[in-house]
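Shared between the two complexes below is chain A, which has chain B as its partner in the first and chain C in the second.
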Partner chain A sequence: MGYINSVLRVNLTTGEISREGLNRKWADLYYGGKGLGIKYLYQELEPGTDPLSDGNKIILLTGPFTGTIVPCSGKLSVVTKSPLNGAALDCSVGGNIAGELKYAGYDMVILEGKSPEPVYLVIEDGEASLMEAGFLWGRGTLDTEKELLKLHGEGARVLSIGPAGENIIPYACLTSELYRQAGRGGAGAVFGSKNIKAVVVRGTGGVGVADMPGLLKAAQKAMREDLLTDTNLWAYTDGTPMLVEMSQNSGILPTRNFQQATFEGFESLASPSMQKARAGKKACLSCGLGCGNYTVKGAARVEGPEYETLSIGGSNCGIADLEAVVKFNALCDDLGLDTISMGSTIAFAMEMTEKGIKDLGLRFGDVSSYLEAPELVAFRKGKGMELALGVRGLSERYGGREFAMQVKGLEFPGYEPRGSWGMGLAYATAPRGACHMSAWPVAEEAYGERDPYTVEGKAGLVADLQHYNALKFSLILCDFWALSFDLMAELLTPILGREVAAGELELAGERIFNLLRLFNTREGFTGKDDTLPDRIFNQGLVGGPGAGKILPREEFTKMLGEYYRLRGWDANGIPEKDTLIRLELT
Partner chain B sequence: MSIVKVDFRGPLTRYGNNDGSLSEYELPADSVVTVQDMLDKLGVPSHHVGLVAVNGQKAARSTVLKEGYKIILFPVVAGG
Partner chain C sequence: MKLAFEAEKCIGCRLCHLACSGVKENIFNPSLSRLKVASEYLNGGLVITASLCSGCLSCAEACPTGAISGENGVPVVDADICTGCGECANACPEGVIVMPPDGRPRLCDFCGGEPVCVQWCPQGALTAEV
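== the complex of A and B ==
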């Protein structure tokens, strides 16, 4: 129970569409979402597969909570091999499409091969077909979605790429419901490389659970006593824009390509300013929090901007103009670009100009060139050809590697590691590169009461958080709900109809994290890739509460060594045999 | 009379004035008052308070308040 036990497999090369059973043994060990996706990818992908070749696969997944009344369970997982860096990539997108997929009769969809012509996939109550998509090619995600809803009915849910995905920009994303993205790591480019423009889903079925009265009771209790309390309601009242002011006050707000960690113009991007521009709220399926904010500022409107866009596309580019950031966000969403990688790349280009390395016409604080960039990138026009390389690619071509803010090719999100040393370890060890979704120790260090400027205790903290998130994103629960393993187990028990223990879930989180490591190891990543840009080790922060702070390289190395030992990995960061046996990964 | 200004964010606004705007808190004349003392006095549950900013910088619960200080209380957050 909790699963449909059905997988849709679509071979885009031949057009063959088949249905198969869900691998229950894997579902027992990995549950769904991130974990189950990486298990399928690990088993099915030839090592060394070019992410943009027909050998790569895209897996769309739900989890055991999807489509039930469990709150905050509405996200869809997307798993593939990243075109940005060749690492395992998983990301998720909010909205309603995950529930719709289960109601249409599938736990997951595997897209493989490469279509000779642009197509989109339609799944309608168990039936699936590929449709010609030439008329959508070149169109933005907003337009694409509206067109597809006209054709397939307003009740359908759409996941699509914009021109950036079609033109295989390595940081192209997927969009659903106009403004929700599976943002990081370039899943949109994999769609584009396979000539698939969109997935449309319509389902009217349901999801069976083993013990409905038990689930009702558990879900109601979770809502009343946990979800809708002051521990989580910030997501509703403010959402992520609240973090702008918190980052400013704790000295971790990326500013001018991570040269500073406080921004003189932060107030125009902070939550009080966002609230004044708020035009409405939006929630994903089954969510009691509803963190989405519709924002209208001047002529610009978007659902968002989230903190990552306000910081990386705002302060980090020296932009203090909220209307400009809203516009930037809307442009990236429509073109199908990850705002974090796009913003980081612009910020890097701005500093390249400042340092006299290469002038791509971008200057800190200059709104007009900043707003031109996304379209040039998405269509690979003019300087967009260069910016499409991303931060690592640009630094390899022109120099500036010491301030190229990326790990394993993935650009930094909005948290300064010199002001949150555990976050430095999280960036260095996250499977997809500099990522805030693998672990988020800033809540305890920068925003909480743990000393942010020490490595003491951080290895264990980061490892625990990585297990927690790996499991949460496999059951598929939203990251904004700070629930315990115990509560997750209480909710899962009535769904599966067997007693689930918190310890089982914690261990599964560790298993999933290690499997991601095995995937990356097989692809040639080693401990040498678990590092940070030189700026973090050598250059003191300018101004703010962390003025002069670095993360000393020897302290980082000590923390990383401790982390490997705690994990049961060898000195090169490869899981030891005993670890694999303990985690049932042999 | 020594006054500090207190601002609340997120769900904590309910502990401020009715409209959630800036509140004023009067420091007792004859004793040392920390952030924690003020939270207790205002009846804000400590475990729901995350970051405390005093004059634009992160502060500790033990930070001593002085006349004219501006305090912002943020809730605990998760996710990112």
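== the complex of A and C ==
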């Protein structure tokens, strides 16, 4: 129970649509979401596949919690090979589409091949078909979604790309319910390369569990005693904008392309400013927290901006104008661009100008050029052709590598690693590149009680957090519920109808993380790629409690070595045979 | 008994749908839920709506076989008499009577005085009025 045991496979080249059973052996080892997705991808993808070729696949997944009453279980996983960097990519997107997919009778959808013409996929209660999408091509995600709901009914849920995905911008995202994204690493470009504009899902079936009374009791208790408590309720009262002030105070707020760790204009982007502009709260399916802030500021409106956009698209671009950031967010959402990579790329271009390397017309703090950039990128017009390269691509073309804030080609999110050294390790070792979703040690370092300016104990901390998130995003639970492995096991037991132990889940998290590493190793990544931009090692922080701090390269190397040893990886960062045996990965 | 709804407190999580279908149907299926709550972006704004049984008993009045009786505004269906004609669902002004393929109408019975939708609402948007 907990699974539908049904996989939808769509060959976009031939138009063939088939249904197959879920691989139960893999589901037992990887559960769902991120873990199961990477298992399927690892098994089915030829090594060296061009991410934008018809050989790549993109997989949409639910997990055993999806569609049930387990709180915060509403997200959909998306797994593919990233066109931004060729690494394993997993993202998740909130809203209701994951539950809808299960109610429609599927655990997951595998999209493969490449359609000769623009199409969209409709899944309605077990039946799936490809529809002509020429009339949607070129249209933004807001318009696309509205049009598809008109055609397929208000109860349907839509996942779509905007012009950025169609034009294969390597940091194009997928959008659902207008404002929720599978943001990072270019999943939208994979859709675009396959000529698929959208997936529409409508389901009126249900999800059964092994022990309904047992689950209702366990989930009600978990919600009242664990979820709706001070540990998590910040997500309701503030949402992620709360982090603006926390980052400012702890000196990790990215400012002017990470040249500063505090921003003089932070107050205009902080939670009190956001609360003043709040026009509503919105949750994903089954979430009791409702982190989504519907914001109306002047003529601009969006669900968001989240902290990553406020920091990377705000302070990091020298923008202290909330209305401008809301506009930027809304533009990126509609065009189908990841706000983090877009904001980081703009910030890098701003510093290139400042340093006299290349002038793409962008200046720190200049709102009008900042707001022009997303559309130019999405349609590859003018300087948008250049900005579409992303930070690494731009630095390779023009220089400035030492301040190109990216790892493995993925641009930095909103946490300054010189002010949170464990976060540096997290960025360096996350499978998809500089990523805040693989591990988030800032909660304990910059925002918490642990010394942020030491590498002591950080290797273990980061590894543990990576296992925790890998498992959580496989079951699929939201990041914002800080629940224990024990509680996850208590909730999973009545769903599956077998006793689940916390240790089994923790081990699975480690297994999933190692499989991601095996995927990347197979694609040619080595320990040399587990590094950070020179700025982090060489330039002292400006502003905040950590002023003057660097993350010394030798300390970083020491931390990375310790991390490899703890993981049972060799000096090149490749998992040892014993490790693979222990994790049932041979 | 009556259910009350405060839209400004609702976050649109649909835990009410999941609780209703889970408890009453032994499966999680929002389309079988005996209340409807929606939080959607429409016409440039966030629109939150709810349809709840008001206890008006229009269903009992509309039932051609007398299968629905009501006491204190709580409708009760006698499955032996019900023919599954769907007149009750047609008559329901709130549109919350579910007619699944098995032909047996699902009516909100306020869970015997302790509605599970209220019990699960995380933000206190749904309350029970006696």
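The rule we apply is simple: the second predicted complex is superposed on the first by the 586 of 586 C-alpha atoms of A that agree within 3 Å, B and C clash if a C-alpha of one lies under 4 Å from a C-alpha of the other, contacts with A are read in each partner's own complex, and residues count from 1 in each chain.
We adopt the following convention: a contact is a pair of C-beta atoms (placed from the backbone, for glycine too) under 8 Å apart; a residue touches a chain by one contact, two chains touch by 3 or more.
Here the structure is a predicted model, which means the values were calculated and not measured.
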| item | value |
| --- | --- |
| Touched partner set for A:463, first chain B, second chain C, both or neither | neither |
| Which of chain B and chain C A:290 touches, first, second, both or neither | second |
| Which of chain B and chain C A:68 touches, first, second, both or neither | second |
| Partner chain(s) touched by A:481 [first = chain B, second = chain C, both, neither] | first |
| Contacts of A:231 with chain B and chain C, given as first, second, both or neither | first |
| Which of chain B and chain C A:249 touches, first, second, both or neither | first |
| Residue ranges of chain A in contact with chain C within the complex | 67-69, 71, 74, 96, 99, 103, 154-155, 177-179, 204-209, 212, 215-216, 220, 223, 227-228, 236, 279-290, 292, 294, 301, 303 |
| Chain B partner contacts - residues on chain A that touch it in the complex | 230-235, 237-238, 240, 242-243, 245-246, 248-251, 271, 307, 415, 436-437, 440, 442-443, 446-449, 478-482, 545 |
| Complex interface listing, chain B residues touching chain A | 9-13, 45, 48, 50-51, 53, 56-58, 60-61, 72, 74-80 |
| Residue ranges of chain C touching chain A (in the complex, touch as defined) | 11-15, 18-19, 21-23, 25-32, 39-41, 44-46, 48, 119-120, 122-123 |
